[in-house]
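Given below, in the form of structure tokens, are the structures.
Below are two complexes that have chain A in common, paired first with chain B and then with chain C.
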Partner chain A sequence: MTASVAETPMAAPPSRSRAIGVALGSLLLLVLPALATDRYLETATRGLIASLFALAFNLLWRHCRLLSFGHAAYFGAGMFATIHAMRAAEAGSLDLPLPLMPLMGLLAGAVLGLVCGALATIRTGTYFAMITLAISELVHSFGPQFGSLFGGESGLSAMRMPWAGFAFGDARQVYVLVLAWALAGAAALWLFGMTPLGRTAFAVGENETRLRFLGMRTHAVKTATFCASAAASGLAGALLAVANENVDYSIFGGGASAAPVMHTFIGGAGTFLGPVLGAVLLTGFGSIVGQATRLWLLYQGIFFVLVVMLAPGGLAGLVAAGLRRSADGQAAKALRATALVLAGALLVTCAVVFAGETLSEVLSDAYSAARATTGMRFPPVERLGLAYSPLSLPLWAAAAAAFLGGVLLLRRAMRP
Partner chain B sequence: MRLGRRSLLSSLPVLAAPGTCRAAAQTNEPLRIATIETLSGPGSGVNRLYSIGTRQGVAMLNAAGGFNGRPIEFREYDAQGTTSVAAERFRAAAADGIHIFVHGGSSAIAGQLIEDLRRHNMRNPARRMIFLNTGAEALELTGEKCNAFHFRLTTNAEIRVRALVAAMRAQGALGSRVVSINQNYSWGRDMEGAITAAAAAGGYEVVERILHDTNRIQDFSPFAARIAAARPSAVITGNWGNDLALLLRAVSAAGLRISFGTCFLDLPGSLSAAGDAAVGYYQAEVFNPIAFGAEGETMMEEYRARAGTFPSTSEVKAVLSMQFLGKALASLPPGTGPDTTRIAAALVAAQLRLPIGEMAIRAEDRQLIQPLVVSHVVKGSRYPIDGTDMGFEPVGVVPGPEAVNPVQASCRLERPA
Partner chain C sequence: MTATLELKGVVKRFGPAEIIRGVDLRVLRGERHALIGPNGAGKSTLFHLVSGHLRLSGGEIRLGGTRLDGRSPAAIARLGLARSFQITSIFGGMSVFENLRLAVLARRRRATVAWRLASAMTDAAEEAVARAEAVRLRPRLDTPAADLAYAEQRALELALTLALDPGVVLLDEPTAGMSAEEAAATVDLIRRTTEGRTLLVVEHDMDIVFRLCDRISVLVNGRVVATDAPAAIASNPDVRTAYLGDAVDA
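On to the complex of A and B.
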């Protein structure tokens, strides 16, 4: 029986390639401030925070198989606690240096997580998910009511106070602070899985009834895991508070709770670093593509559907499968599958982007303005650096061909 | 681990270096204006109107010669409906060298942006930014959060209520018993406070105060019953969107014929949802194409020629804001670069003449003083809106100094050095 416990949650790549991946990733994170402009550092900071939040969420799912739909409550608690502490520091009534401020968020997340976790983990499965959702909705509904605690819709503001010669006024210093805490948080979550408590939590996810039969107090184990997950979420929230210097109660809303779920399942819930992959990809996507086109939500949705349909193990699952294959001496086969996936994805992306952008341009206010000023029924569309007729038959035929070809390639690549 | 530590150390000098500092306001630099607005996702339908209007307003300024002999550059940033993304976009705008940013869609996002502005201007005195607020009406923006570089080029709760009360009273539509019904968040509470404060001047008594959940209520009939039980002569509400449409329908279904004073009946979706129930109801707003006379007609037609459709009120407000900015820019001596401190000073001194009166900034809190048109809904209007045959017919103009609220005691402006 131990074999199945070891196998199922650990759909991880071989340890050597994982070590190389982690080392390369850390190196990139460390040299980023020297390479990137402020704008991309901002995005990287967001990506780090989203990653830590997704890791915290996945702690519960990966270990205990508990799916929380209300983690925004703990994230938000961390944000508010930190902002209140920063405001106190700004007013001079609290003497806590800025680099230690995130501890307040950690603490707030842990306390709230302990209380709510003890309550929610009495149930499992759908009922657990509903209780977490209800708790976060409850917290959300408090938002507009307690002005001094939540600050109404415009929320509360604070300012990062200088410490030890660092003004924390520019993006680099904030990035380094967030990076340090995010790495520490991720390491702590990784180590949690190594502790006896973490191993027991895995077992709870496998077969809770059996554990209870063996005399384990599974409710306590689940509560402790929930508390750890909420504490890490609170820490992530605290980091966002430090980066934004502002928080309002909309952070308790459904969108904030949905983000770690999306990140985790796109990235891959089965591996430890899968959620990080999803969080980094989607944060970068929202920040860079979201600035280039208004259709980014549509593209993100299509992407989510495709990943869930074609790669239930998430992107990390795909990568891990490829790495395992090449470790098994099927490197050529794995390489071929990768090339097929990339080519197929590229073709589908081109077709979808062409169709989406052309249609959105034709339906846009600027286009109706152009229609009014030029007097043409279908004036040329200027998009993607080109000017073309929106009715051009060859372009649409090419897009349709690219889409069909791409789907065929993807299906071929997914065939075992 | 050793590798990691070394690269961390090597990057330290870079970390400690101050942020890349652009030379302040080079005179040949173009003026860069951006909107930070919700352009995608929920709320974008109404909020992007401010961005569309600002784009047209900047295009008009450019058609008139731009600024400093160069066209003004315009960009859009998508706040995606959340304050958190708005904060991120603010920093992107600062990094892109934006001088003036414009926001009108939401008081919550404006509350975030004004704080970002405060911190940015404190940390970067050499490249301060200006915030032109075209539509966020929360009182705190010119109250405890007021800022010398934030200009509220729109109304607020008190201004709307004062104008409504003055015009409705002159029409004999106010009476002596008024019900206040509002959404339970800062805007609605601001409105309730304003309705209470205007009681003495309006000669009425507030017989019922209702605050209800925002955008959650599906059935307003219990509220219609409470209104009926108070036997009011008029109702004043700051509700918008669904909360306004559903309230008006419930009141109509209950057979109540009471005059209503509203603030957002002209937003897309409200009139079409409320239907005939809205006929005769009052609205206070800066722009009305009929009240603006021939100039209003030219504005509407010119906008249609540029944008393909008649503008919504939000778009006109954004265009007027840009024209006001244009006046300020024109008052600067030629050769002045995009120096935001000087532009801010010029904005305080600027005046824009409208067919119904003057627009000017009050120096004490950067609130715009402007005349308001009070209108009521009629069928068969010359400018029907929202796919209905209804539109707004002016009943009176309230001059700016009469409509504007007193400076809030909580506003302490830090004057630029």
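On to the complex of A and C.
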């Protein structure tokens, strides 16, 4: 009777729709190799890795309320450890089959995470975030220094060695290997949250002071959680090393640390699978939109800002709220909110894309050249399949109206 | 009688303000000891000093033979001294059940186990439920602590402290904000659960103090002005002028 008492209620969707969602997602992951082309499989592989990384990052935030801005250090440590192990295997000095190589990344992340975590978790809040950032910047600055460790500008490469009849030569086999490890890693992170240590780590985020007066050494709890998070990050890095067969020290840069933060807060930090939603969405976005426009990082940034400002629970929070509403018999309300979100998002997207593309065209070298040849100060812009004056007042007014209207619709939809 | 908890010349300054000004206090083993005094006398500050929340500016504190001052709150709790907070301090996002199971696991030194699921620890779960029952929170087991009514939160605060099975219990205004009936039930609970333990309690309700406690210390302006049995305190003229006023006559 007592064992069935619910765990802490969090911003989770109703359990049945969650189960359906997880089942559908797993099915998709399993049949993907049969359906997708190599390019999409490679994108999916990167999506899996980004998902695991974001889940690892969010372990620390969701439980201990510790925001790390330097998780690239542990991701990168996992990558380099794995590349070195793969090189050793290639040279014949290490007898570790490729499917087990990610363990090296896991280990490297755990060891570095233990040391850095013990240091960083002495502080909380902003100071913690700054320490993690400083640590990753420190590691980044070592990059160019130790050639044999980091491989300098060109980085280090290694080959996937065949094992037990698998050549690991094509995207399919790599995908399956990454999928297996990513699922194992995600399951381990999920289970962590249900162990006494995981529950205690959650209590740290809730009320660390009180926990001390229950006799808990909270610094040790935070260090252990940090270590687990870093280990899973190292595992994710290891998977990228296996998939890319190459790594250079730029992985320790700020961009790699920012990725799991964005994925987590766009997807939703309050639910376990929220970060996965964000990681899959942004990886897919980068892969598809990145082909169409150079501005995709800008669009991603604007998207991030809008989500954080309008939907603090992230996309998963929105979905969960909608599902809970329909479960409460307020399906019409949920439907209306969904329609509002979609309409608002469409308007904002149109406005932002128009402004972004027009400005980037006007500021391009090609446009300067067109200026010189036509002799006009503002010759027509040819973008988005249209030719229009960049000073067209009606167009800009429409864009501004669309943006404002869209934001208003979104705010409307978010209201409870 | 031997003193379990002993304070000698304890001083606490916040910048230039001396809030605790040389407190000597002996809490005897197994007694229920009240600490009373007007608002701002320094009662909570004294609790913070004993429990390791604040560092002493001077003096020393012993539990049995062990020096407490300079130790961390966690270390002091592990030595068997548990405290509650005047300003409710619970785990708001966790259910009542999880709050109590956490305290039970902490006492059993099982709260950092990483190789078993918490739900598999059924004995801890059963104890958590029993402890909720004891403070009449059984019907609220699944409620997030933040959603409890104020008096319920006070009850959880108390239950968290008692779940540590401490040899020495410090309770800071355990019945504040409760209805008369809730307060009476709480006093009963305190009496039952502190049987054979040492209790130091801050309480403004004089009826409760006189009913519950064996001895009383009066703290005024950061100094203990009297320590005695309730009857003697009630008739102590210094105490009457300094603090009790008409409360005793009522």
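For this structure, a couple of remarks:
Here is the rule we go by: the second predicted complex is superposed on the first by the 351 of 416 C-alpha atoms of A that agree within 3 Å, B and C clash if a C-alpha of one lies under 4 Å from a C-alpha of the other, contacts with A are read in each partner's own complex, and residues count from 1 in each chain.
Here is the rule we go by: a residue touches a chain if its C-beta (ideal position, glycine included) is under 8 Å from a C-beta of that chain, and two chains touch if they have at least 3 such contacts.
Everything quoted here is computed from the prediction, not taken from an experiment.
Within the superposed three-chain model, A:Ser392 lies out of touch with both chain B and chain C [touch as defined at top]. Residue contacts after overlaying the shared chain place A:Ala203 against chain C, while chain B stays out of touching range.
The larger set of touched chain A residues comes from B, when the choice is between chain B and chain C.
Contacts of A:Met194 after superposition on the shared chain: chain C is touched, whereas chain B is not.
When the two structures are aligned on the shared chain, A:Thr374 is found in touch with neither chain B nor chain C.
In the overlay built on the shared chain, the residue A:Gly215 is in contact with chain C alone; chain B does not reach it.
In the superposition on chain A, contact is made by A:Gly286 with chain B only, not with chain C. Counting contacts by the rule stated earlier, no residue of chain A appears in both its interface with chain B and its interface with chain C.
Listed in rising order, the residues of chain B touching chain A in the complex are 3-4, 7-8, 10-11, 14-16, 18-20, 39-41, 44, 52, 77-78, 80, 82-85, 87-88, 91-92, 95-96, 106-108, 110-112, 115-116, 118-119, 122-123, 138, 140, 145, 184-186, 214, 304-309. Those residues of chain C that touch chain A in the shared complex are 51, 53, 72-74, 77-78, 82-83, 85, 89-95, 97-98, 101-103, 105-107, 110-122, 125-126, 128-129, 141-142, 144, 160, 164.
On chain A, the positions that touch chain C within their shared complex are 2-3, 5-10, 191-192, 194-200, 202-203, 205-207, 209-218, 220-221, 224.
Across the complex, chain B is touched by residues 23, 26-27, 30-31, 33-34, 37-39, 42-43, 46, 144, 152-155, 157, 159, 165-167, 169-173, 176, 240, 244-246, 248, 250-251, 255, 286-287, 290-291, 294-297, 365, 368-373 of chain A.
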